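Next, two complexes with subunit A in common: one pairs it with subunit B, the other with subunit C.
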Partner chain A sequence: MKKDEIREIDFSIYDIRDDVKYEFQTGKGLSKEVVLEISEQKNEPSWMREFRLEALAIYQKMPMPTWGVDLSELDIDSIIAYIRPSAKMQRSWEEVPEEIRRTFERLGIPEAERKGLAGVGAQYDSEVIYHNIKESLTKQGVIFEDMDTAVKKYPDIIKEYFMTKNVLPTDHKFAALHAAIWSGGTFVYVPQGVKVEVPLQAYFRMNAPGSGQFEHTLIIADKGSEVHFIEGCSAPQYSVSNLHAGCVELFINEGARIIYSTIENWSKNTYNLNTKRAIVEKDGIIEWISGSFGSKKTMLYPASILKGEGAKAEYTSVTFAAKGQHLDTGSKMIHLAPNTSSKVLAKSISKDGGISSYRGLLKIGTNAEGAKASVQCEGLMLDDISRSDTMPVIDIENDNVDIGHEAKVGRISEEQIFYLMSRGLSEDDARAMIVRGFVEPIAKALPLEYAVEMNRLIKLELEGAIG
Partner chain B sequence: MLKRIALEEIEKPSYKEYNSVIIKDATQEGITIEKVKQSILNNFSSLNRPVGIEKELVKEVEGFFNTGFYIKTSQNSDIKKPIILDYMANEQNDTLIDYNIIEAEANSKVTIVFDYNSGVKGFHNGITKLIAKEGSTVNVVKIQRLGDEFNDFDSCLVVVGKNATINWSNVVIGSKISAFDVAVYLEQGGGTFTSKSIFLGVDSQKYDMAYKVYHQAPKTTSSVDLKGALKGSAKATFIGNIDIKKGAKKAKAEENETVLLLDKTVRSIAIPALYCAEDDVQANHSASAGQIDEDKLYYVMSRGFSLEEARLLMVQAILNPVIDLIPYDPVREIIIKGHIGRRIIK
Partner chain C sequence: MRETLLEIRDLHVEVEDKHILKGLDLTIKRGEVHAIMGPNGSGKSTLCHSIMGNPRYKVTGGEIFFEGKDITNLKVNERAKKGIFLSFQSPEEIPGITVDNFIRTSVNIVTGQNMSMLQFAKEMKNTLELLDMDSEYRTRYLNVGFSGGEKKKTEILQMAFLKPKLIMLDEIDSGLDIDALKVVAEAVKKLKTEDMSILIVTHYNRILDYLEPDVISVLMDGRIVKSGDKDLAKILEEKGYDFVRNGV
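Take a look at the complex of A and B:
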C-alpha cells in the first residue's frame, strides 16, 4: 500500500453541485398548505392526502427528542420540504436529463447496474428520476417500483402496509414529519419462494441546498423469498443545513430473508434522522449492514422485531465520526417469540473531535423462550479530542435465554504499530492498515463495489491524519 | 432513560428516632468515631457533588438523619480489626436514616463493614461519603439484609485521592425494594477503585443498583464486578457508567455483570454505559445473563443432590467469593447458611 495511492483518489465527485433547473418547490417551512401542495403535485389518491394531514397534526403536537444529538441548530422551518427537478421518471438512462445523469454517472450507478444489479432506482432531491428492473424478475412477479407510482398502481397493498403496522406516524416526531411530507423511495414485493440473486439498489442524492429528503422504502418479502437491497446516499456540501428523514419498513414473512445494506455519505451539513424497522415472522432473517460516514448529526436505530418463532436478526455496522460530526446510532433487537436469535457487531471510529455513540436496546420478552443474543461494540479512538460512547440497554423478561454483551474502547496499540513497522511499513501505513483491519468484518459483508466504496471513504477520512 | 424508582409508590414514614446501632471494635489506636452532626458535615463541602438515586431521597437524609457516624483515621495508621457498624432494625427502630462520613488520612489502612439487618417492616435511607487521601487503603463492605417488608435506599460517594485504593463490596439480599447508587470520583493520579458485589433477588423483590465511575486523572483504575441471581418474580436493574474524562490518560476501566436467571418470571435490566473522551485508555464492559448450565446441574444431581440443593450450590458458587470477603465470621455464616439457603430452598 503506497501513500500516493491514497492521495490519488479523487473524492470531489461527491461534492460536485449540479446546476439543475427545478420545476417546482414548496418553499421553506411546513404547513397544511405545503402538505396539500405536495399531494396535489403528485396527484395522489385522497386517502394518502388524508393520511398526510393526520400525520402533520401529530407532528405539530409532538415534542423534539431531548436525548441523543443536539438538534438545537436544526431549523425545520427553513427546510424546503419538496423540490422537484425538471425530469420525469425514466426507465432508461439515456432519457434522464444530462446534468442529472452526469451526477449518477460520476457516482458510478449506471455502470454498477450494467455490472451486477437486478434493479436500480435513483432519486434526485424529492423525486425518483430513474427506475428500472431486469425483465426476468418482472416475469417472476417481483415488483420494484418507485413509491409514488406504487401508491397509484398498487393502492390496496400500499394502503394496508404504508406506516400502518410497522413504523407509525405516532412513533416519534420525525416519523410524523416523514409521514406528512414523504416523497419518492421504493416499493419492493418479492413473491413466495422467489430468490432475487443479484441485489436491487436505490441511490439517493440531495443536490439543492437547504432541502430535505424524505424517501419511503417498503419491502415485503413473501414466504421463503430472498432479496438483497442496497441503498447509497450522498449530497454536496453546503453551508445551510439539509435534512434527511427517510423511513424504511421491512416485512419478512415466514422463511424469507432480506439483506439491507446502506452506505451513507451525506455531506457534513446534513441532519440524518432516519427510521428503519423490520418485522420478522417465523424463521425469517433480517440482516442489516450499514456504513455511516457522512452527515453532521445522525440519529438512526434500525429495529428488528422478531415476532415469529425462530426468527433471526443480524446488525453489522461501522460508524466513522470525524470533525464536527456526532453520529448516534445503534440497533434495537426485540425478541418476542421462542428460539429467536440476534447478533450485533457495532464498530466505530472517532477522529478530529468527532463523537460516535452506540445506543442500543436488547429486549427479551416473556414469550421468547430459548432466545439467544449477543451484542459486541468496539470503539477506536484516533486522538484525544474525540469521543466514543456506548449506551446499551439490556432488558430481559425470561429465564431461558443466553445473553452476552461486550464493549471496549481504545486506540491503536503501540505494539501493533511497532510490529508492522518492523516488517517494513511506515508508521502511517501501519496505522491505515490497522484501521482497515478494524472495519474488515463490515467490508466483508458488503457487495464488492460497496466494500470498495467504503474503503475509499475510510481512506479519504484518514487522509491528513493517517496515510 | 429508564425511570429508576417510582418514588410515589413508596410509603414514606414520619420522622422517628433510631437508637439501636452497635459499633464493634470502635476503640482502636489511630481511629476516632463520633456521632455525626451538622457542624461536622459543614467541614465537608468538597463532598457536595451529585450523588444518589434521587434528589428527594438525598435531601431527606441531609435534613432528617437520625443516626450516622464520622469515622476518621489518623495518618499512617493501620487499623487491624475491622470496624463493624451494626445497624440493626426492630419494631421500635424501624426508621433508619443514616449519614456517614469516612475520612481516611494519608497512608492509613482501614476496613469498615456496614451491616443493615433484621426487622420486618420499615424504611432505610442513607448517605455514606468516603474520602480517601493519598496512599490510603479503605475496604468497605455494605451488607443489606433487612426484613422482607423494608424499603431501602443507599447513596454513596467515594472520592479517591492520589494512589489511594478502595475495595468496595455491596451484598444485597434483603428488603422489598432496595436501591443503591455509588458515585466514584477518581480525581487524582494513580487512584484505584475495585468493587466486587453480589445480589440475590427472590419473590417480588425489586433491586436497583448503580455504579458511576468518573475517571478524571491519569493512570486511574477501576473495576466493577456485579454478580447475582434472580428467582420468582424478582426484578433487578443494573446501571454501570464508566465515564473517562479528558485528561485521564492511561486509565483502565473494567465492568462486568453476570446474572443467573432461575425462573421464567424474573426481570433483568442492564445498562452498562461506557463514555470515553481519551484515546490512550483501556476500557471495556461486559454483561451476560442466562440459566444455570444444565450439564453442571446434572452432574451435581448425579452425585445425590436434589434439584433444589443443586441449584443452591450453583448460586453459592457465584455468590460465595464475595461473601468470603466479609471480614466478620458470624455475619458471613448467617448469610451463607441463613439468608441464601432460606431464599433458594423454600
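Take a look at the complex of A and C:
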C-alpha cells in the first residue's frame, strides 16, 4: 500500500453500538451446563466437548492471579460466556447481515481486504461471521479457516495441536477459562516453502454489553514458509465489564517465519487477559508487533520459546494507558537452544493517572550456548499523576552469551514543552510531538500503514477522544 | 525616528519565589541591534524568558508591549506566531523528531502556510551552507547528542526559517569556539533584514564586534541601570561593572 492510499478514519466509529439481534446466548456465569450448551450449539465432536469439561474443572480449581493488575472487580459470574449474533458464517460480505456488515465497513475491513490482504476473518461477539481467503493461496495449499469449522474439517490436526503442546489449560486460570468456553478464532496452516506475500487479517469486534470474547488462533507455519498475520480488536464502551481472554498458539517450524501484529483498541470497560505463545524451531523467526491502547486492564505477555538452534524472536510494542487504565504488558523470551537470539523494544506511555508497565522475562537456558539477547524498555509519563514501571527479569544459566539491557522511565519536562511552544506549537501539539518522538523507533519498525494507524491512535489518546 | 517594536514597562518577575526583575524598563526599535550586558545572576536570561513567556517566570508587575499590543499574558506559542524568537542558552533535546521534521512543523504553524518541499529543501541547503553545517543534520534528532556549538547553530537554523521580528540571542557565544562564533555571528548578520531587531544577551564583547549593536544596556540587580552606544561595551570591559554600580 502506498502512502497516499491510506484512508482517513473517523475514530468515533469504534464507539458505535449496533442494534443487532442475537439468536442465542448462555446467560451470565459459568457452569458445566453452560459449557455443554456451547459445545452443543456448535455441534462439536465429543473429544472437544470432553476437553472443555476437563478445562472447566481445572479452571474451577485454579486461584486468580494475585500479581499484575487488580482483578478484584472482575466478576466472571456476571459475564455472558457465549453470545451468537443471528448471522451465519459467510464467504462473501454481501451475505453478512447489514448492521454487522456496516460495522466492519466503518472499520474499513472489506476495503482493506480488497486493497491489500490475502484473507480476512471477522468475528462478531462469539462467532466468526465472515471468513475468506484468496483462491490463489488455497491452490498453494494454504488453509485459512475459522476455528469452529476447522475443528470439524481438520479434526486430526486440531486435536493434536489445540492447547496440547503450546499453551496448556493448566498454565493459568484464564488459559483454563479460555479452553472451557473458547469460541471462534482462526486456524492457519502454511505448507512447506509457501510464502504468503500479503498479510492475513482477523478482526475481533465485541458489541454485546457484559459479554466475553474467547477466540482461539492457531497458526502452523511449516518448514521454510512465511506468513504475516494481523489482529485488530475493538468494542463500544459500556458501563458493565466485558472480558476478552483469547489465546494464540503459533508453531514455527524449521526456517519458517511468522510476523504477528496486533493493534488492540478494546473499549475501556474491557478486561483483556490474553495468552500468546510461539514455539520456534531451528532457524525459525517470530516477530511480534503489538500496540495496546484500549481496555480497562490488560495482562498480556507474548512468549517466544526458542527451541531450535538459531531460532530468532523480536518483540516490538507500544502501550498507552490513559485515565482509568492499567496495562501490564511485556514479553517472555525463552532461549533453549544454541545460537538463538531475541530482541525486545518496548515503549510505554501513561497519562491522566493511567498505569502502564513493562513486565518481561528473558531466560537463557543451560543449552543456549552463544545466545544473543537485547532488551530495551522505556516508559514516558505525560504528567505527575500517571505511572510507568519497568520490571524486566533476566535469568541466565549459560556463561557464553551476549546480553544487552536498558530500562528507563521518564517524564515530559515543562522546559521541553516551553521550548517547543516557543517555536509556535500549542501545548497539546508539543506533547504530541514529544510522544511521537518517543515512539519513533517503533514507528520505524512497523509497516507504514501500521505506523500511521499507531500515530493516529496516539493522537486520539492524547486528545482523550477514545471513549 | 524608527518605530518601537518592543516596550517593557516596570517589569517585575519572580522565579521560584525569587524576585529577579525589579522594575525593568526597556525599549527596542524596529531594526535595532540591542545588547544587554550584566554580571552573572543579574537577570539577563530571565528577561529573555519573560519576553518569550516561559510560565516558570512569573510576571508580578508591569507590562510587555510588542508592536503596540500588550502581550504580558499571551501564551508562548502566540508570541512565537507574532514574531518573537528566543535562541536558547541550552536548547532542549527532543528524541525521535528530526531537525527537518521539526523545522517544517514549526514554520508551517508560525507562518500559517504550508511551505513547499522544494522551497524548504532550497532554503535548508542555503542556510546549512551559511552555518557551515553538514546536510546530515537534517535527519538527526533535534539537539540529541549535539555539541554545544551544534545546538547553537541549530537555533540559528530555526531562526532562519521562522524569520522573526525580534530575535533574542541568549548567550549565543557560550559553548562556541572562536571559529564557530564567527560563523554564527556572520550568519545572523546575513539573515537579519532591516525589519528585524536583535536583542543580544552576553558577557563578552567578541560577539558585539561582529554584530555591532546600536544600543548597549547594562542590567544589574533586575533593572536597566545604564544605556549607551557601543563604546559602553569597551568601557565595561576596561573598568568592570563596578564602574556602573558606583554610578560614575
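Definition applied: the second predicted complex is superposed on the first by the 430 of 467 C-alpha atoms of A that agree within 3 Å, B and C clash if a C-alpha of one lies under 4 Å from a C-alpha of the other, contacts with A are read in each partner's own complex, and residues count from 1 in each chain.
The rule is simple: a residue touches a chain if its C-beta (ideal position, glycine included) is under 8 Å from a C-beta of that chain, and two chains touch if they have at least 3 such contacts.
This is a predicted model, so every value here is computed, not measured.
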item	value
Touching partner for A:440 - first (subunit B), second (subunit C), both, neither	second
Partner chain in contact with A:415 - subunit B first, subunit C second, else both or neither	second
Partner chain(s) touched by A:143 [first = subunit B, second = subunit C, both, neither]	neither
Touched partner set for A:425, first subunit B, second subunit C, both or neither	second
Partner chain in contact with A:403 - subunit B first, subunit C second, else both or neither	first
Per-residue touch tally on subunit A - higher for subunit B or for subunit C	B
Contacts of A:157 with subunit B and subunit C, given as first, second, both or neither	neither
Subunit A - residues contacting subunit B, complex	67, 366, 369, 379, 381-384, 386-411
List of subunit C residues in touch with subunit A within their complex	52-56, 75-77, 79-81, 85-86, 88, 91-92, 94-97, 102, 105-106, 109-110, 141, 158, 162
In the complex with subunit C, residue positions of subunit A that touch it	413-416, 418-427, 429, 433-434, 436-441
Complex interface listing, subunit B residues touching subunit A	1-2, 244, 246, 249, 259, 261-291
